[in-house]
Structure formats: structure tokens, C-alpha cells
Amino acid sequence: MAKAIKSIAVLTSGGDAPGMNAAIRAVVRTSIFYEKRVFGVRRGYDGLIEGDMEELNTKSVKNILNLGGTFLKSARSEEFRTDEGQQKAYEQLQKHEIDALVVIGGNGTFTGAHRFYEKFGVPVVGIPGTIDNDLFGTDYTLGFDTATNTVVDCIDKIRDTASSHNRLFFVEVMGRDAGFIAMNTAVATGALDVILPEENKTFDDLFGEIERGASRRKTSNIVVVAEGNKLGNSFEIAEKVKAHFPQLDTKVTILGHLQRGGAPSCFDRVTASKLGLAAVEGLLNGRADVMVGIVDSELTYTFLQQAVMNKAQLDPEMLRISKILAI
Amino acid sequence: MAKAIKSIAVLTSGGDAPGMNAAIRAVVRTSIFYEKRVFGVRRGYDGLIEGDMEELNTKSVKNILNLGGTFLKSARSEEFRTDEGQQKAYEQLQKHEIDALVVIGGNGTFTGAHRFYEKFGVPVVGIPGTIDNDLFGTDYTLGFDTATNTVVDCIDKIRDTASSHNRLFFVEVMGRDAGFIAMNTAVATGALDVILPEENKTFDDLFGEIERGASRRKTSNIVVVAEGNKLGNSFEIAEKVKAHFPQLDTKVTILGHLQRGGAPSCFDRVTASKLGLAAVEGLLNGRADVMVGIVDSELTYTFLQQAVMNKAQLDPEMLRISKILAI
Amino acid sequence: MAKAIKSIAVLTSGGDAPGMNAAIRAVVRTSIFYEKRVFGVRRGYDGLIEGDMEELNTKSVKNILNLGGTFLKSARSEEFRTDEGQQKAYEQLQKHEIDALVVIGGNGTFTGAHRFYEKFGVPVVGIPGTIDNDLFGTDYTLGFDTATNTVVDCIDKIRDTASSHNRLFFVEVMGRDAGFIAMNTAVATGALDVILPEENKTFDDLFGEIERGASRRKTSNIVVVAEGNKLGNSFEIAEKVKAHFPQLDTKVTILGHLQRGGAPSCFDRVTASKLGLAAVEGLLNGRADVMVGIVDSELTYTFLQQAVMNKAQLDPEMLRISKILAI
Amino acid sequence: MAKAIKSIAVLTSGGDAPGMNAAIRAVVRTSIFYEKRVFGVRRGYDGLIEGDMEELNTKSVKNILNLGGTFLKSARSEEFRTDEGQQKAYEQLQKHEIDALVVIGGNGTFTGAHRFYEKFGVPVVGIPGTIDNDLFGTDYTLGFDTATNTVVDCIDKIRDTASSHNRLFFVEVMGRDAGFIAMNTAVATGALDVILPEENKTFDDLFGEIERGASRRKTSNIVVVAEGNKLGNSFEIAEKVKAHFPQLDTKVTILGHLQRGGAPSCFDRVTASKLGLAAVEGLLNGRADVMVGIVDSELTYTFLQQAVMNKAQLDPEMLRISKILAI
């Protein structure tokens, strides 16, 4: 089947992440290197359904390596979850004589891709692109490295400030379902505490950490809050902490979407280049219905269904390190 | 009187701002250049009251030029507003044989300094240090340039992201009383709109801007919100906008104290160096009860009372530019 | 004459500078605001001669505010110095029915523009865009603020390193004719010494500074070298210093063109927005043969001939500050 | 033997690297967590020989996580290569009742440490800290990730500029013996070519790449040059290229020591935290004469002799990727 591939389409879907452009560039240039035609689809599966795509050449992806976001735009498509949507998408591929698909995104992206493969047999390879780093089958997802650098840079700036007694900063970071960003940036900034979606921390636990921290240090302290945690959003948490420690001056920063932007780090660009190339070579070698990833420094291909059914787990060692070093 | 100055104390007070360290360094080194003793007071007026100070030398201020925050720490002092507090502070100066004072901060800092001067006749010179740029008697306050670069960098990152249809980002920046940060960063990032403390913008005005913006562009839009505006905090604003435009996907970022940190810009360091030197030379030349500033590229000294009674005004031309360029 | 203007062309010429894109955007949007047509000319005067231009709209300048360089490209044109070149350029303007010209650049750019105005009477307004800040008639040239931040950021990184005894770093910065970048960044980083094109410093002067520095501090020292200085390039200087102080470990960094790039600072973007708007409004109000600038916070128009015949002078106060604070 | 450890000394040696401070912090806090005493030795082995050390506590390492360089200073020691030097160092350890040593550095550091262990049996564990990433026994060395981000940021800025025809930028990066920085940053910036110490590239090869590049693109091109390559330094290379392609405008940037500085990346801080903790736990568990590293996401201990006798190899896949994507 692989021999038949003459034309490949690439799209980005879901929340965007730094490094997606670098991955698109790698897909495009590798395709052209192997003398395949390559199409860029705009706005994820919605664009596929609507046929919003055009053929790309090496120049189309010039000077995008260093840009955050994705020049193909990204979207979450409701329509692609329906049979009608998938049918329309398939017809567009046929109309444009496209034989294979590279999709860059996360769990939702791969769920749709797997269903599409099952229905129509179109070879599809996924590239893990999400700042959350929560995908099974790869040690890194595109954007995570950049996002953690962005968060660390922000927390460093917050740490510079006042250092008057009794000040406590809550910094809310992304991570609805997974605390990787929160965990790593907490270790990297020496945070007093971190509140993760994966834990069942209570307010008493938090109060305890704050008391222990206050007894050791006199200056400003940081608590990193993953948005998907179970204690509430950071304003709510700050309010309860303030009610319990009235002498504390609590401050809240919500980083929001700035974590999704910025020029990708060297690591994210290199990884994107490797994965983009491997996605195309995988397709040309007959791979389909898989996500390409890097595990223990090796390129690996994981079946999409496996990738979406499992979840990357927080390394418990990181929690241990965090506690010992915040001593 | 000036001839009598043999020893100078320097402190930072109020909200801290990038460039304060550079100003302290300039005060210290200029004092030593003129063969005066110089003391660093920790934690603003509170430290002065408690005698929390020590003599500094050129090495004490080595390698601080590039650090955000203030190594002397800063605080807002309630006690210095009382007669008892001022009396204690005066006694500390006498005890340490300190003849003159340099205070780095904003309005509250200068109000206290003026009263202290009136009561005890201790020569005091103020250096404008606040990210808000809202002081009368100077074109620049230390930290404003750095803070606007920080905000612009954050908004650039937000702009990178998604660009799916109908997304509207609210970015809340500092500025309880003055909209300089909001105004300048809105122009610098091509924001759709800016909500300022100085204006009486209504929700209908805001809805109108959003509608006009939506009709012109299809991609992501930014609204910069100064925290002291009259429509509410950015979550409240985002909620009302969402209620009025249900199809809009609204997102909120609250930058908070990260605006006070970070390595100072070249401009803030150079300005801090100029002002720190001018503060000491002013004292040695008999100046007292004044704030040193830069107006139209010239060093100026403004009486503290004038500085605190007036307020820097937003340039209406900036609003005009903002509207024309957001066309 | 001003009433006749229906169509304006804009170009960037000479060495590029951060903020040029922001200025182009302001020219384009202000023109459209006043219902004029506006053309972008690629590659400076060469593109004008060749007719390499196209009409721009508000979308053409979307998302360029934050980009370094100039999307119109820049070049130094030999041909525009000839009568034939100027004639061809004029014919292109006529062919495209363009009535007026905005040129963004430095001395060379304005010299050509003035001659062109004299020959053909085409109203032209210049916008000062050069990282060197060496133009008469304006306190700021676009790109200077960004370039100095870039240099300061690099020197901060160099300062982080080793701090073994007796290490001396030479950092070569741009400035063939003017030492503004070197002077400001030396003050901003607490450099041991600065070598400027404007001074007649001898090697003995430099050796003296190094000796004085060595006697005061034990750690790493920085010397900022402007490329146009009279002692030689930084490798040559480092070699002579090493020959004189064999125990010194000398290291050289040459920043080169990285000083011309990077996202423009908030200040450069705001200034570019003001100047771009003022250039178009100036043209529409009958101004011609002038450079728009900012002097003492006011917009000013200086005749091009005056702008190019004079030169901005280094502030001697900066040298004094540099010496006192490096104590 | 491990049970006997009551007191640990830590030092940094050789060229400094971002992340060293984070590693020191982890060593100090882990030691204190296990109720051991911990000493910081200044200026590497020289400081050990001279007894330039002091006991550290958790506060000693506060607020250093985000600082480049090493607050313990680093040096290359000639004296530690002699028997006398090693003897003096041993006596200092005895005098201060120090039982074990953690050394952070590269090959030279570990060679000395191994000899010291062999002579005196003092348990020593090495932490790989060098921006060059060229150590055997670990996938990452502290500082490499930060240094590559710094280089990529600089090259991005260079890429912003001019883009006039026929301009070729040579960017010289560190790497006397190993081309990891050059290789990764070349892929990450889409460089036209990269000149590595590991290759035997000829000028004809380089001319060929430039010709192929020129035929494909019209704009600026970058060649990344590792300092230890065999064709010469970047000025010499630029000169020969200019002689061969006189129409080319060649420009040189030499990044030098700025690659060793800067706030460490999140990855370098997390890795430093892991390795610092593992070094101390290794010592307490009886490890000695080993370097702690991370291989395939697992902590590993490699004998120092093995670590220094072998060398990390460039991944040939990276060269392949570089060529395909520069198409």
C-alpha cells in the first residue's frame, strides 16, 4: 500500500503548541525530498471537511521554524466527530488525490484520526503536539519544553519582586488533566508547593506546607497551581488561604494562553524536525494508524488507539525531588 | 547646609520596580566617589524606623545592575505615617550619624519623605521608581520601560496562539490609577481595544469596538485591561462580553506581579544611573525636599509636594494613534 | 500641493532596524484611514527603480508589529545615486500614479531622498530608522532601543560566566561612526571601559583603565568596543592587551548582525507608530523634504539636508557617569 | 564505608555552564535532608587545595536556581594535576573533616577526581556540567540545553535582518572537540550548512553547499561554525568564501562566552536537581569514583575512568535530518 503514496496532507488540530510549525516544515520538506506532493490543510479537521487546503513547496515553509503557533491554524472540530463530517473529509482527500495524512495534535486529534483510518483505510500518522506532555507512547510532546521555559521565565520575574514578609504568590499554569507543566516548573523554580490534578491534596495539606515554608523562610513564596486541580481555581485557593492566614498577602497570576506561544526552544525544534521526518518516512514505509514518538532516545511508532487509551503518568520521583529540595 | 553632608542613606519603598538596584548602585558609587559614607536601609521606611541598615561600599553593589527587584527589599510602611514612626526614624538617622536621605519609590514614598523633611529638616531627594509612570515632574519612572517590554512580550506570545475564529483574549495589566502601561502596550501590540482607569468607557463602547473588530478581522483579538478600570476585573468583563457575544470564545490572562520583575532594560538602567548620580549631586549641592527627574531630556528637580499633588496625564495623542492604527 | 496627494509609497532602505515593520504598518494604516492608496516598495530604492511594489491594505500589515527586520526588505542602492536611477524611479512613481513617498532609513537614505525631491518635486518624508541613533533632528531612531537591550542581554550572559581571576572580555558592538550603542550599553552593564569612535583613546589609556580595574576587583571585566573605534578591531585590541598583560585571559565576542534583529521593544513600536502616523499626516499637510522626529517629547520636522549635514553628538555627561559609576 | 559519610564537599570546575547553581543547590539540600554537613568549595580544585571553603545551609543556596554561572566560581587547576596539589587537597579535606566529594564539571574535572579517588580513597561522585554535551555515560550534560537555546535565539535575530540578495552569515559557536551545539542549532534554525569538528569537510564541499543554497533561495543564509572545526576560524572561512564568491556579502558573528551564561532552562534546572540529588544519594549508598548521568530516562552511574575514556558521538541521523530539511 505504501508504494502507492504520491501525495500527503498535513494538518494541525486541537490546542496549538510551539514547534508545530517546525513539524509542518519537516513534513513538507521530507515529502518533497521523496518527490511526493504535499498539501497543507488549514484549521484542522474543519478545513479538511471544507477542502480548505493548498499544495505547499519548500518556500511555503521558509522562515516558520522559529514562529510559535501554527501557520496552518488549528481548531477543534465538532463536525469531524460525526459520520457526515468524516465522509466529507474523505471526499475532499479523494478530490485532491491525497493518499495519506499527517495530523499534529493531542488525544482528540488522534481519536478522530484513528476512526477515520478505520472507516476509510487512509494511512494516517500522528505527531504528538501539545504543551501538556500527557501522551502515552512518547517521552516528549511538541511544545512542552517551550511552555515550561515560558512559565519558568515568568515565575523568575515574580520571584524578583518585593520579598516583603509574608507574601505568597499563586501562579496558575495550564494542565487540565495532567500536571507535567506544574510539576516541572515547580521543581525548576523552587516553589513552596504545587497543586496537581493527579493528587488529592486537601486544604489542610496546603496550609501545612505554607506553615512549614513560613517557618523556614521569611521572603516571598510561590505556589504553582495546575488549572485542573481539585481545590479550585487560583483565586478561590488564594482566598481560602488568606482566610486561614489573614496576615499573608496573597497575589494571583494566571498565565493562560501565553504558555502556548513564543518561539519554540531548540529542543522542540529539533524534536519536531525528527518527528516530522519520521512521520513521512513511516507513511512511505507502510505505517498507518500510528503516532510517531521518541521513547528512550529512539523513534517509536505506537498505535493511535493505544496512544489515546493510555495516559502518560507523572514521575513520582519528581514529587520526591520537589519535597526534598524545597526543604 | 550641603557642605555638612558626610553620610547618606538610601532606601527603596512601595511597590518594587526593575531599575531600583541600578539606582541604588549609582547612589552608592556616587557617594563614595565624593568621599561620603553611604548606608543601605532594608525594607523601606520600616527598616529606617528599626535601624535595619548597614554601610555599603562599591563591592556591596557589584553585580546588581542587571537584577530585577531591589536587594534592599521594599515595603509599604504604616508606621512611618505616624508621628512616632517618623520620630523613631529620625533617631535612627542621628544614631548612625546620617545627614541625608535618598528615597526611591512613588507617590506614597514621596509623601512620607516630604513630611519627614518638614518635621526634621533632613535633606531628602526622591528618585521616581514605579512601573506605573504616573509621577509628575519626570518623563520616565524607573521600571516602566522594562514592565512594558515584559507585557508586550507576553501579549506577543498570546497572539501566536490558536487564531481560531472568534477568539478574544483579555490581558489584565497593572495600573490601579494610571493607564500608561495599558495604553503603551496596546499600541505596541495592535490591540483591538484598551480599557483604562482614566476613561469612562461603557460596556456598550466595548461591545461596539468588538463588533467593529470582528467585522474587519477573522483571527484572534486582544483587549488590554488596566486593573484600575471602571468596568470591573478582567474575568467580570470577559463574562459580560461572553453573555453579549455567545459565539465568542473569551480567554483571560492576569499578568500580576511578573510585571514588576525581570532584568531591567538598557533604558531603565541608564536612567537609573543618571538619576542616582543626580540625586547625590543634588544633595551635595544643597537640594532638599525634591524629586529628581528627566523632562525633555534634561535633569530636573521638582518639589516633592508638587510631585505628589499633581499627576502625570495620559497623552491623548496616544489614544488617537491607537484608534487610527487599529483600523 | 498637499490636497493633491491620493497615493503614497513607502520603502525601507539601508541597514535594517527593529521597528521598521511597525513604522510601515503605521504608514499604511494612517494612509488608509485618510482614504489614500498606499504602496509598499520592496528592497528600497532598487525596488523603486525596478517598480517592485504593490498596493497594500490593512491586512497586508497584520501581525508584523512584533517582527524584527522589514517585510519590504531593505537594500543600499548604488543606482539611485545616479541620474538615470533617479529618473527611472520617478517614472515608476508616475506609472503607478504615486504622489508622495515615505522613506525609512538613515543618512544615506535621506541624502538620496533629498536629491530626488529637488529633482522632481515629489513630496517625501523620512522616518529615522537605524540602530545607531546617530541622526540629527530626533532624540530616537527606530531600532536603537531594541539593539541596546539585545546587547545588554548578551553582556549580562557573558558576565554570568567563570569569574575566574584575571579574565577580560571584549565585546564588539555595532557603531561605525557613532558610539551610542557602545556608550549606553557600557553604562548599563557596568563595563570596565568603552572604546568609542568619537574618542582618541590610546592603548596607554586602555592599559591604565585595565590596571585600575584590576586593582579594584578580582573578577571578570568587560570592555565594550564600538566597531568604528580607532584602536582596531576587537581581536587586535585583545591581542595587544594580552601582550601587555600576559597574565590576563582575554576573550572576544563579536555580536554582529544579531543587533539588527529581534522583536522590537515596546518603546520602538510606540515610537514607530507615532512617526509613521506623523509622516503621513505631515505629507497630507503639505510637508516635504523633511524627516519626522521626536525632540523633547514633541514631534518635529527637520529638513532632510539639515538632518544629513549634522550629526547627533554623544552626551559628554554619559562618559562622566560611566567613569564615576565604574569606580 | 557509606555509613561513615557525615560531611560532603561540593565544587564546580572547568568551564562553567548554566545549571551548575541548580546542581549545587540540590547537593546542599539533599545533604541537609539526610542530616549531613555540606561544604561549598570556591574556585574548583584550586580552592580545595587552598581550603577556600565554607559550610553551607539551606539559605546559602536560596535564590540561585535561576542564575547562570556558579556562585562557587569555577577554575581549571594546574596544581591539582600534581601530586603535591592532590596531597594538599586531601589534607584540606581531613582538616575540615570532609568524607566525600561531589565535583561538577567535564572531562578534565573527572580525570582529576578519578586520580584523587585512586590515591586517597575519598568517595567522589561527578555531575556532568558542560555546555558541550560531549560526555559518555549521560544523554545530557548541564548547560547544553540552555546554551543551544541561547544560540538559536541569536541566530533567529540574525535571520531577521536584511535579507538582501547574496548575504551569507557565519555564526561561530562553542565546541572545540564536539559539534553538538553546532549540529543541533543548525537543525533548529534551518542553517544552510554546519561545519563540525567531527567531519573532514573541505572548502569544495562548503562551496558546493553554498552554490546549491544560492540556487534555491534568494535571501540570507546562515552557516553555523563550531570553533574546533578543521577549516579554520570563522573569519578565515568567510574570507575564503568571499574570495570564491566575490558577489557574496559575508558577515561574521562570534558568540563566545555568552553561550555559557543566562538563566538555565527549565530542563537544565530539573536535570540539575535530579543529578544533584542522585549524586548525594549515590554517595550515601556507597557509590564512589562514578559520574551520575541520565541514560534513556534512567539515572545511571558510570565509572569516571569510563566516562573520560569514551566520548559521546554525534548522532549521524542528525546530519541526515539537517540535509533533508535544508532542501
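Brief remarks on what is shown
Labels A, B, C and D are assigned to the chains in the order they are written; within every chain, residues are numbered from 1.
Basically, contacts are C-beta pairs under 8 Å (C-beta built on N, C-alpha and C of every residue); 3 or more make two chains touch, one makes a residue touch a chain.
Keep in mind that this is a model prediction, so the values were computed, not measured.
Number of steps on the shortest path from chain B to chain D, with steps defined by chain touch: 2.
Taking the mean of C-alpha positions as each chain's centre, the chain lying farthest from the centre of chain B is D.
For this pair, chain A with chain D, the centres built from the Cα atoms lie 28 Å apart.
Chain B has its Cα centroid 36 Å from the Cα centroid of chain A.
Multi-chain contact residues of chain A, defined as those touching 2 or more other chains: 156, 159. Chain pairs that touch one another are A-B, A-D, B-C, C-D.
By the touch rule above, chain D contacts chain C in their complex via residues 15-16, 18, 43, 67-69, 73-76, 150, 154-165, 169, 251-262. Per the touch definition, chain B reaches chain C in the complex via residues 22, 25-26, 29-30, 32-33, 58-59, 62-63, 65-66, 139, 145, 148-149, 151-153, 156, 159, 184-185, 187-190, 216-217, 263, 265-267, 269-270, 273-274, 277, 296-297, 317-318, 321, 324-325, 327.
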